[in-house]
Every structure is written in C-alpha cells, then in structure tokens.
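Each in structure tokens, the structures are laid out below.
Shared between the two complexes below is chain A, which has chain B as its partner in the first and chain C in the second.
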Partner chain A sequence: MKKYRSKKGAEKLSLALIYTVLTIISVIWLLPFLMLIILSFRGEQAGMSADYLFPRQWSFDNYIKLFTETKFLNWYGNTMLVSVVVTVVQTIIVLVTSYALSRLRFKMRKPLMNVMLILGMFPGFLSMTAVYFVLKEINLTQNLFGLILVYSASSAMQYYICKGFFDTIPKSLDEAARIDGASRHTVFFKIILPLAKPIIIYTILTAFIAPWGEYMFSSFIMLGNPDKFTVAVGMKSWLDNSTMASEYFTIFCAAAVVVSIPITALFIWLQRYYVEGVTGGSVKG
Partner chain B sequence: MDLEYLKKSPLEKFYFNFKNFFKRLPSSFAAFFKAIPKKLMKIWLAFTGIFVNIGTAAKKGDWKTRTSFAVMGFGFICRKQYLRGILYLAFELLFVLYMVFFGWKYLVKMGSLGEIACLEEWDDALGVFTYKFYDNSLLILLYSLLTIFIMVAFVYVWYQNVKGNFLSQQFEEAHIRLATSKDDIRSYADQNYHKTLLSIPILGLVVFTVLPLFFMVFIAFTNYDKAHMPPHELFSWTGADNFVTVLGGGVSANSKIFAYTFGEVLLWTIVWAFFATFTNYILGMVVAILINKKGVRFKKLWRTILVMTIAIPQFVSLMFMSQLLADQGLINNLLLKWGVIDKAIPFLTDGTAARITVIFVNIWIGIPYSMLICTGILMNIPQDLYESARMDGAGPVTAYMKITLPYMLHVTMPYLITQFIGNLNNFNVIFLLTGGNPSSLDMQFAGKTDLLITWLYKLTVSESQYGIASVIGIFTFAVVAVFSLILYNRSKSVKNEEEFM
Partner chain C sequence: MANLSLKHIYKVYPNGTKAVNDFNMEIADKEFIVFVGPSGCGKSTTLRMIAGLEDISAGELKIGDVIVNDMEPKDRDIAMVFQNYALYPHMTVYENLAFSLRLRKLPKDEIHNLVVQAAETLGITEYLSKKPKEMSGGQRQRVALGRAIVREPKVMLLDEPLSNLDAKLRTQMRAEISKLHSRLNTTFIYVTHDQVEAMTMGTRIVVMKDGFVKQIDTPKNLYKYPANKFVAGFIGTPQMNFFEGTLRKDGNDVHIKFANSDAEITVPCSKLDKVRPDYLNGETTVYMGIRAENISIDRVEVGRSKAVVKVRVSHIEELGSETLLYGDLNTDGDGISDSLTKVIIKDVGNGDYKAGDIIEAALDTDRIHLFDRQTEDCILPRIPEYNYLDCTVSGGTLNFSGESIALPPAIKCADGEYELLIPVDAFKVGKDISVNVENCEDICGIKLLSAKLNGKMLYAVVPGDVTEKSLKLDVDLKKITLLKDGKKVVEPMPAVNCLDGIFVKKKTKKQAEENGKFKTLKATEFSLETEGRQFVVSDTLAQKLIAALGVKKAFTSPLKIECGAHSLTFGEDGISARAEGMLDYGKEKFLKCNVGGKYVYLLADRDYEGEVRIVPDLDKVGIVETERNIRII
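Our next item is the complex of A and B:
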C-alpha cells in the first residue's frame, strides 16, 4: 500500500517536472516572437543601444513608415507575384513527374531517378552562377521573370515526397480502370489526382512559402536593383550595416510581423496536410 | 552467428551493424571496383549493339530506309506515317540551320575561347572613340557547350530515325498494319504518356541545371575572375591550376592561404552538419516524448505553440536573432543593465562563441520540426513493448535506450540522412545569422562560421572569383556525394538485414 502511494507520488512529481520543462520550452520558443511584436510598436527612436524592451511610447509609427517611406510594399508585391507563379508551375511539374515515375514503366525510369539524385548533390548555387551569366546576356537579371525561371526550372527534382504518396495508392485501382479501357492519361486525371488532395496541398504550401524565405538566389539575381528585391533580400538590406540597422531596426520588426501574419495563418490553417506530408516523406526510404 | 545476432537487443544490433559496416568497407570498395569491368563490358555491348543495328538497317534496308539515313523521316513519309516523318524531317532541317548559322562559329573557337575581346575604334558618324566588341569567352564557352548538347541529341534522334524506319519496313514486309498519325497522337496519352509528361520537366532540368553544371565544371579549368571579365577581357584555359591553388600546391602565397581556408571551412562544415543534425534530432525527440507522455494534459496546446514557430518564415527569426545577439544587441544591453555581466558577450563576434551560438540558434529553429516528425512515429510504437519492459523492471531511461531510440533510428534513418546532407549545404542559417563572420585574417574571403556553400557564395558574389568558386563547388559536391554514398549504403544494409520487430 505504501509502495503504491509513493509510486503515485513519483508520478505526480515527474508530471510536475514535465510541465515545468514544457513551460520553460514554450517561453523560450515564444519569447523572441513576443519581443519582435513588442519592439514593432516602439514609438521612440532609441537605436541599437536601447537597454529596455517595452516601448516608452507605444505607437503605429513603424507600420506607417513601413508602408509610406520604404519600398516594402513593392517588395511584398514582388514576392507575392513570384510565389504565386512558382507555386502553379512547380505544383504541375511535381505532380506530373511523380505520376510518371511512380506509375509508368519505361526504360529510362531508374537512370532518370539516379541522375536526379546525383544532380541534387551539386550545390544549386553552382548552376545558378551559370544561369546568372546567361540571364545577364539576355537582360533578364534584375527581373522577376528571371527569378521565376530559376525557382521553377529544377522543380522536377522535388518529386520525392509526392512520388512516395502516389506509391501508396493501390495499383489495383489503375488496373481496374485500364481493363475498362481507360488510357494512362485518364487514369492520372480521373483516379490518381482526386485521391491526391493532401499531397497537392502539401506541394502548394511548400512551394508557396519557399520564395518568402529564399535569400541566396534572389539576392544574387537582383543584385543592385532595390526595386525588384523580394522581402527577404530587402529586409536584410536594412540590417547590412550598423548605422542603417539602428535606424531601421524597429521598422524591420514591423515588417517581420506583416510578413509573418499571412504565412502563419495559412500554415496553421493547412497544418494537417503539412504534418502528413512531412512525416510521410521522412519515413519512406 | 545468426542465432547470436538475433539474441542481441536492438541497440546492440545497431552497434553490430555499425561496426560491421566499417569492417566491410574495404571489401565493398573492392567489390565496387571489381564490378567496373563487368559494367564496362555491358556498356560496350550496348554501344556495339547500336552499330550492329545501324549495319543491319543499311544492309537489309530497301531504298526508302536507306534514303532515311540522309533524309530523316523519308521512309515514314513514303509509308504514309506522315506525322512522324514530317517531325523527323523538320528536326533535321532545324539542326542543319542551327549548325550553319549559329553553332559552328562558336564551336571552332572553343579551343582558344576567343582571340580579340574588344577594340577602341573611331566612329565617324559620332566623332568619338567607341568600343567594338568581338569575342566573348563566356558566350563562346556557353554556346559551344550548347552546340555539343544539341549534336548529341541529334545523333540520338538520328539513330531512332534509322531504327524506326527499318522497323516500319519490317512491319510492312510482314504485313502488319503500321501505326498511322492518328495512332501516334493517341499513343502520347497512353503507351508514350511518360514522354508527354516528362518532356517539359526534363527540358527545364537540362537547360537550367545540367547544362549550367557542365558549364561551371568547365569554368573551373579557366582563369575567369575579376581581371578576366568578358566582354572587355577574355579568359582562357588554364588546366588544373585552380585545383592546385585550392589544394595548396600553387606557387603564389595565396595558394597556401586558400588551402588553409579550405581545410578550416571543410572541417567546420562537417562538424556543423553533425551537431546541427543530431542535437535537433535527439532534443526534438525528447520534447515529443515529454508531450506524448501519458497523463500530460493540453497536448495540442504544447504542440501548437511549437508548430507556430515553424510557420514564421525562417529568415525573419534568423535576422531578428542576429540583431538580438549582436554586441550592442538587446540581450547584451539587458544583461549589462541588470548587472549579470559587466562586458558584452561576443555571441557573434568571437570565433568559437559564434560557432556555439549558431548551433544553439539552429536548435531553437529546428526542434519544432523534428518534434513534429517524431510525434507521429512515436505513436506508432506498439505500447505492449513498454508494458513488458516495465514488467521486467526497466526504468524509463532503459526503455528509452532499448526501445524508443532503436525504433526511431530504424524508422527515421532516411530523414536523418537528408537532414545531414541538407545541413552540409545549409546556407540560410549561417548566412542570415552571422554572414559567415567573424572574419579571420588568415583565411581567404571566409570567416570562422562559413560553410563551403557560404564561402562559395562570397567568392562568387563579392569577389567574382568564378574559377576558384567552381572548384569549391565541385569539392562541395564531392563531400556531399561521399557522405550520401556512405549513409545510404548503411541505411540499406539495415533495411535488408531484417525489418524491425
């Protein structure tokens, strides 16, 4: 009896411990974002040397400045345009490639997959440099179309997770349809695609979010033309040197909030599909 | 031995496999090289097979088939397969036009990469000196590569044409109905559907990834840099000079520094990838276990708090962190004010400190992600395993070491491998957080936290050292390829041994 009670006590203690750890973790994870939001409302110009968090003067100045005095709105539009176009192109290419590699059997299937695996091992930036030279020759650098081209051109290599999903759709479905005289084209559109909703949403979500956080390619292509920056490149340019950084720091915070809100909302809305895609894709070899 | 193996616990099995992998490494290398002659033989057979096919077509072909050798698609048109025939013919015409008017003049200059870049000439109409541009090494190299690609494609299509024409002839002789143009079109929605689907993705891949990669590999053998910038200057072939420079065998003083930098950066890249992957994985799993533990309430709340941090764009959190952690950043200022420290902590400005900071911030960024992945898999572990472990008197630590960890390692190996490879090339975390800094005087254009990929970026974007940058890129590929080969082999060996449980 005594032993039983002590065991229960130990369990309670361990639960209490877990709650403490989880609370500390939550604070560590949320605190920076709270700080970000609080700082974005700082009304006074305190520069980088401020040694306090809560503003002396709460105000919307940073947000007003953000939309009236900086090129932020411009960058936001650029990023949105690129994201939407890339999402459409990439989703189509990924779906089509995955279907072909998962369901169709042809001589070059295995070699093609191996080649893509090897291509994926090269740093993307290497081929990017060459593409940059070409874009420069045809005057497509500092141009959103060039960026879209670069983002969507190698989409085929992202087929992996989607193909994994297609592989799990039972083959007997296709075979039944084929016996009824459906062509492979019909099978794709009438059978596979309607069943692939989760993975389509996952592909769209990841394709849409990627350009918002991509820095390496866009900074290189748009080098020297602030009008065509994406948000990541533009916001980084505010922080590049310490004089600018101290002036723009609170505006940066405001911009960060503005960028984060729609993406976070989208993400939380479609979270289920994201989790499915990530966990599914990570287990299958 | 088999019986002994089965008796081992999962973790011991893991060690056993791990040890065995390295023991087998020399012999598997040997096996790899032994397999090469066989593979070469196979390729040789396939290659000779092509000529045999062409030979038979030439010998046994009728006049229609033989004419197709020169006029592509001729046989098809004669046999009323108009669509195919016309497409082949059109391709041939386009190819000839391309070669005559465009490809040829670049291809002949490939050996020298151009003679004269530009000259100052008197412009009578304007009355001033103007630059007149002639050879552009960059374009010569690019277009001659493109031409070679197109020539290879042409040879392939030509071979298909010969084979196809001969096949049609044989069909005709055997009185089998030939596919009409209508059949051909229909086949692209069915038997040939893969061609319809994959042509555009593969074209994109070839034009924007394969061709550029070949181009950059060639650039590695030239002296393309700031001093040799087309269109005003030419660059030229320099053999393996760049490779020698990076590896420290060059005559210039630079070479020694380059070699040192390369060693430092490479070492840090591997150390970083290792720590970044495993700290995230283990800690993420621990958090997942805590949340999943029986009796813990508000599971969904805890999870949502962490998942929300994934949703916030990574570049935002990284740049914000770089500001908070700066020497005059908010965190240092607050700590100074409260008297916790009396001198700013050099989070990002001291070499070692910056490296530690980067790994910690990466943990902060990465844990929610790995927590998410582990959660799903943890729920799949059969609960009776834990029950029986508890019956046998195993504590939570033993249960973790003997059940959870081996199970997770087994199931998530592919994820771990991709994570590791991804971290070798993790540009964003390093560049947005530290920019590769703090810089170091004894390193060439690189700082203490630079990875190969950020160094490559700097060499390209700010230093315009394209030749050297290509060499670094090729080495980066080599590093990634070697690790992938080792890791994938390992995970395969685990899978083939037996399924877990």
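Our next item is the complex of A and C:
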C-alpha cells in the first residue's frame, strides 16, 4: 500500500519554509535601517566607516547638533511645505482626472490615456535641463514654488491605478444617484469619494513620498542657495567631501531617522483605512 | 403621475448600429407598461433613454407635456430601480432612502416621515440602520424599490429588477410590485426578458426584437392575436407549435396541407376571409401556428372535429395538473430534432398513451395562426388591409357582389372580369353601396366594422361606433386596385408624394422702430429647402428637427418630405412643376405634375396646363432623414 504523507505535516513543513525565507528577507531589509538608528546615537566620531556597530558611547549629541548647529530644521520645513502642497494638489488632480477618464466618454479619450501612459514611462530627468531653463526664464529657480510646480505638473499622468479602481465601482451607482437628483459633482463627492477611500490613501501616500525624498530636481533647481535646500539636497551636501563627511556622518544618520518619522507616522495613521471590500453590498451579492 | 409620449425614437450608435428603431408609443397615466424581448433587443436602451441615461439619437420624448430630450435625469422627476440594485454601500438603508430627499433640501422631519412611510410600505423598517451588505438579495431589492418610491416620482422605471432573485422570491416580489403599482397610482415602465413577468404584471406589453417594436398590446391580445411569428413564439409556454404548409381554397372550404407529413385539415372559408387570396392558391408556403393547449386528444373532440392529424408520441412530460406530449406529425420523425413537424400537446385529461404510440389529435381551427414565410407577419390579421372581391367592368360601371358603381374618368379599363381590392380605410358613410352591419369592434383604438354585402363579408374602418343594423357606404375609388390574372390593371393613386429637401438656417436682420429709434433686430429663420425653393417652418417644427437630428447634423442631413395630395396647394412662390394631366375621380379631381422627374399628385379644383407652382403645407408633412432612414415627423 502506498504511504501518504499526512496533510498536517506537509502544511507545517511549507509554513516553516515560508517563514525562513521571510525572516531572511526582513533581516536584509531591516538591517540598514537598524544600523542607521544605532549609528545616530554614537557619541564618538565615526568617519565614513562603520567598522563596528554598537557605539562605545551612547549619546543624543548628534540630534542636538542636528537641530542647533545645522540648517536642517530649515530644510525640513522646506521639504514639509513642498510635500504637503504637492500632496494636496496631486491627490485632487489624480482623483479628478481618473474619475473623468473612468466615467465620461469623449472624443480622444483613448488616445489621451495612451499618450499619458507612454509619456509617464520616460524618466523625468530627461527633461531636467529644459525644465531648468524654463523655470529660469520665469524666475522660479531657487524658489520653493518652482519646485512645487515641477512636482505637481505631471500629476495627471498618475491616473492609471486610480482609474482602475474607479472602474470597479459600478456605474449604476452613478446613474442611480443622478436619477435621485445628484449633479456630477454631487455624485463624485458624495458617492464615489466615500467609496474610494483606499485609493485616496494610496494616492496621498505616493504623492507625499515622491517629493519628500526627491533629490535630482531639487538639487538642480535650488543649486547655490542652501537656505532653500530640501532635506535630500542638504544632507547630500554634508557628504560632498571627506573632511565634512567624517564630521557629519553620525549627524547624517540622525537626520535620516528624523526624515523617516513623518512617512512612518503617515503610513501607520492611514493604513487602517486600507479596508477591503468597501463596495460590498452595493450591487447584487 | 404623468403620461408619456414617445415619437419616432431612435438610438443610433456612432458606428451606425441602430439599437432602437422608430419607437412610437403613447403611455397613459397610471399604466403598467412592460418592455419584453430577448437580450439585445433594445428594451433596456429605450428605458435608459426615458431615464435620461442615454442620449436620444432622434425622436421626441415627452413626459407629461414637456419635451425632455435634453433634460438631465434629475430634472425629469422619474425614479429607477436597477437590476443590480445600485444601493449606496457606504450609507445605511435610512440614508439610502433619504439621499434623494436630502438633495431636494426637504426639512429633516419631513424626510424622516417619508422614509419611515416608504419603509413601512415595503416592510423594511427594522433594517433602516443596517448597511446594504448586511442584507439579503430580497431585502436589498426592497430597499431599491423604497429609494424609488420615497419621493413619489411621475414615472417609475424598473430595469429587470427581479432577475437576481431566486424563483420563489421572484414570484412573491412580482405580486408585491403589482400591488405597489395599484397603491402608488404612478406610471410604471418595467423591463424584463421573462414573458411570464410581462404577462402577469403589465397592463400593456411592448414586445421588441433587434431594436424593432414587434407588437404593443394587452397581455390577452398578445396571446390571442399575435401580429407576427416572433410574438407568437415568444408569448406563452410551452412555445407555440409552428408548421409549414400550404392553403388551398376549394369551394367553401380551405384545405391546409402540412409539409413533410401526410396531415391535412379542412377549415371553413369564412374563418380565413381576411387572408389575401394569393395565399390560398395551394402553392404558397406559409407558417401555421397553434398553441399546445389548442390541440385536443380527447376522443369525443377528435370524433367531432374536421381538423384531425396523426401524431407519433416521442416523449411525455408529467407536470401533475397537466401532461405535455412531445410528438411529430411526421410519423417517421423522431420528435426531438428541431423540425417543422414537431408538435407539443397539452393534455389536461388522463390520456392513455406512451412513447411511440400514434395518436389522433384535433386542432382548434378558431385558434390557428397563419404567418407569411418571408416577413413572418400574421396573414390573418385582426384588421385586414384589403377587402378581396370579384368584379366585372362593363360600359364604365363597376359591378361587384350585386352592387354597381359608375367608374369615374380617372379609372380607365376595358370591360371584363377582374379582382377588386378595396382597402378597409376606403369606406365612408354615404350612398354607393348598402351593407348589413354584423359587428363593430374596437381593436387597439381602431373601430373595425364587419358587414355583409349581399352575403359577402366586408370590412371597413369607421371613425366611431356603429349602432345601425344596415348602412350605406361610399367607396373611395382612388384607393382601389383592379387585378387581372395577378397583374395590376388599375392602380390606386399614391397616398404620399415624396420630395427631397434639406433643413436650412438663415440669419435675418429686420429694421424695427422702437421709441422713435430704428434698431436692427437679428433673428434666425428656419426653413425647408426643396427643389430650389425655401419654405419657412414653424418654430415647433424647427425645434423638433433640431432635437431629432442634433444641432450639427440638422442642417446637413438629406431629408425626404412626404406630403399627401391634400397637403399640397397652388401658390405663387411654390416649386415649379409641369402639369401632366388631370385625374378625375368624380367627387375629387387631382392634378398629376412632374417635379424634377418625380410625379406628384395634388388636389385641384379645375384643369391646369403647362407650368404650375405648388406649395407644401409644412404642418401636415412627414419628414424622414434618408441617410440613416430615421423618421422624424
């Protein structure tokens, strides 16, 4: 008689395998961040090398220096301002564009969607020099507004995922609301938006994270004006030469920890809205 | 609480597909109308056009007295129930019901009263605080209904509301919706593909197929008098039996011979006197239809009947109260393949039979339906097109059925024997012939008079009820046809004249005096251009044209203008035409003119010669857009 392996045993084995792989991956992912946190508390100078992990002397000096001796707070404010404004603008534009592309039927709708999709595939920095000269002509270089403009200008191209979500909300809901007396605006704000919470959260997160960590455009646009640096540009400037780097490396680590706080907080706060099955029960079940 | 009027409604998609073709209907207040047909027949599209969710390509839609073609759904004061309920999932049942009222900015306590009232009507009070996802399909359907009734709309539209429910719940909800209709006193329009739903709920049913309306009538009339083979097959379960066969007239009987079998039955001629005679030649193949319940296998019945056929039973379905026998008229056939000799018989008795038996069945000859093989239209209609009579012409007199009428100069034909075709609408109360009235029935608003003319049946459409026993009628001789050996010797005068035209817009400037000052008033004038002449049209007609064709197409689409002989007059600035002789029908005279190679007939009081100018009366014309073949007026 053929011997069958017990189902429970097989399940246990596969679970063990899965957890092993997951543990290895999470160690690889978490280790750099852990190093960063630990290094930020090192009291002694580190130079550019981290030949040992745990500091000989634990201290908050790096954080104190960060906020008192550097322009970090200034940069932090700049970045926060730019990111929040871009988040608001981009979220609105993306939602509105996606709704229009999902619900309205107009000439050139398909070509427009395709063009936006293909344009979005080109890396943004290809147009960097052109964008720089345009901004220079209208006096928007070394200016936070210029940065906001650049970041939110192409927002509409992010429509794709959001439109896909709107497509899953049954059209008959729109129609029912329109017959009930709602205008297109009312339908959008009272019916579609409440149902689109997960995708709004997703849009907010992506819209915030991109300008928060963006380096290339801001380094170009803010070139030569340290007062208007964003955190990414400012922190990179500490590591530009090795003498500075050896002094600022641990401070850099402290700054990195502070920079990661808003994103982590934002994510923890918003993730509870990531509820599945929001449209449950609207249509046939 | 409103009547609806749909006139020449079309839905044409950009690629040219016509989803709805020339939909015409007047819906009275408080009617329960059901649109029924197989999927893709255009019933939902029509409903959505009424709701305002689809644009109307052409035609005129009125709710109450208002043309609503261009009105937003929210302004039409309608409510709609969707197939998938379309409840707002993030709102509770209460909020779902209150949504439309809140948008109307009603005071809070009034909203509360209305919501509670609607919830009580539908028995959903206990669910008011629940979200849709916590409810079952039947409960959700009630909420969807509640959302529609809560604001007391003028028209309730229901788009297959029961098709997501199970069979038992469906039967229950069917009754509830009917009850709701009688309680609300509102016009209901209900779309379904289920003929049982249609038959049980509708006061009138619209049967549709491939974008065309096949028949509009009450459930009973659809069942009893289907206008074509499609309706006959669609309404009623089991489906009507269809056979191919030929009809042969022989004295006072008509022999019906079934194709592919030996069966032959005999029907008295009087039952088929509305059938066009050329179907009765024994050669033209027609479809015959008879319902399963109109075939009897009762021994007494079979013994009495002259219409008995032999059926080979192939299998039997016991349904408890009745038995369905599946068989074949072709005693060699298998009765299963989809042949035109297959027959289903509904037996309510306890017949003694088994599969393989050959039994005798009697067809109820009053319930036989006949359809043309090509058009599939009923050839035994309730209102026939013509009266078919034999006649002789001698010395300028037309003699038929013992009556004689002097032929007017316009009808010229040699002496001899002819077949005479008189349309049913060619009669008027007068003095030419006298008939004995048999019956006057109302068929969908048309009064049909059946009368005997010296023993021969005569049908006439009359304007009102006839109570007299005998009546004198005039025959409108310009409508008659005389046939000799199947060839037309005398043709009726064309009822409509067709002119090609186009709709044009002109900006006009007028000098007007106002308070002593001269002002230039700008105005837009609309006119129809035909044969090089422009005729100013009324604002209502212009609006209809623009609504039907759209602003862009209205002034470029080629149009066909149809006008009867009575809606053309002579006028100074009319179309130039050449007079080509008079048609003198005695009481009326008509002038035949040539307009750009086409013949046009118009009423004339005297003889004309040479060039004449004619003016159409634009309030009485019909207009068709020729490019997409869309009738506008």
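What we mean here is this: the second predicted complex is superposed on the first by the 233 of 285 C-alpha atoms of A that agree within 3 Å, B and C clash if a C-alpha of one lies under 4 Å from a C-alpha of the other, contacts with A are read in each partner's own complex, and residues count from 1 in each chain.
In the analysis below, a residue touches a chain if its C-beta (ideal position, glycine included) is under 8 Å from a C-beta of that chain, and two chains touch if they have at least 3 such contacts.
Source: prediction; values computed, not measured.
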Partner chain in contact with A:179 - chain B first, chain C second, else both or neither: second
Partner chain(s) touched by A:90 [first = chain B, second = chain C, both, neither]: neither
Partner chain in contact with A:203 - chain B first, chain C second, else both or neither: neither
Chain A residues touched - chain C or chain B, whichever exceeds: B
Touched partner set for A:79, first chain B, second chain C, both or neither: neither
Partner chain in contact with A:194 - chain B first, chain C second, else both or neither: second
Contact residues of chain A, present in both the chain B and the chain C interface: 183, 186, 278-279, 282-285
Touching residues (chain side chain B, partner chain A) in the complex: 138-139, 142, 186, 189-191, 193-194, 196-198, 200-202, 204-205, 207-213, 215-216, 219, 287, 290-291, 293, 295-296, 302, 304-317, 319-324, 326, 328-330, 333-334, 336-337, 364, 368-369, 372-373, 376-377, 411-415, 418, 421, 425, 427-428, 431-432, 452-453, 456-457, 460-461, 466, 469-470, 473-474, 476-477, 480-481, 484, 491-492, 495
Chain C residues touching chain A - in the complex, by the definition given at the top: 51-53, 72-74, 78-80, 82-90, 99-100, 103-104, 131-135, 137, 140, 147, 164
Complex interface listing, chain A residues touching chain C: 170, 172-173, 175-183, 186, 190-191, 194-195, 277-285
Residues of chain A defined as touching chain B within the complex: 11, 15, 18-19, 21-22, 25-26, 28-30, 32-33, 35-36, 39, 48-53, 93, 96-97, 99-100, 104, 106, 109, 112, 116, 118-119, 121-123, 125-131, 133-134, 137, 149-150, 152-157, 183-186, 188, 209, 212-213, 215-216, 219-220, 223, 232, 235-236, 239, 242, 245, 249, 252-253, 256, 259-260, 263-264, 266-268, 271, 275, 278-279, 282-285
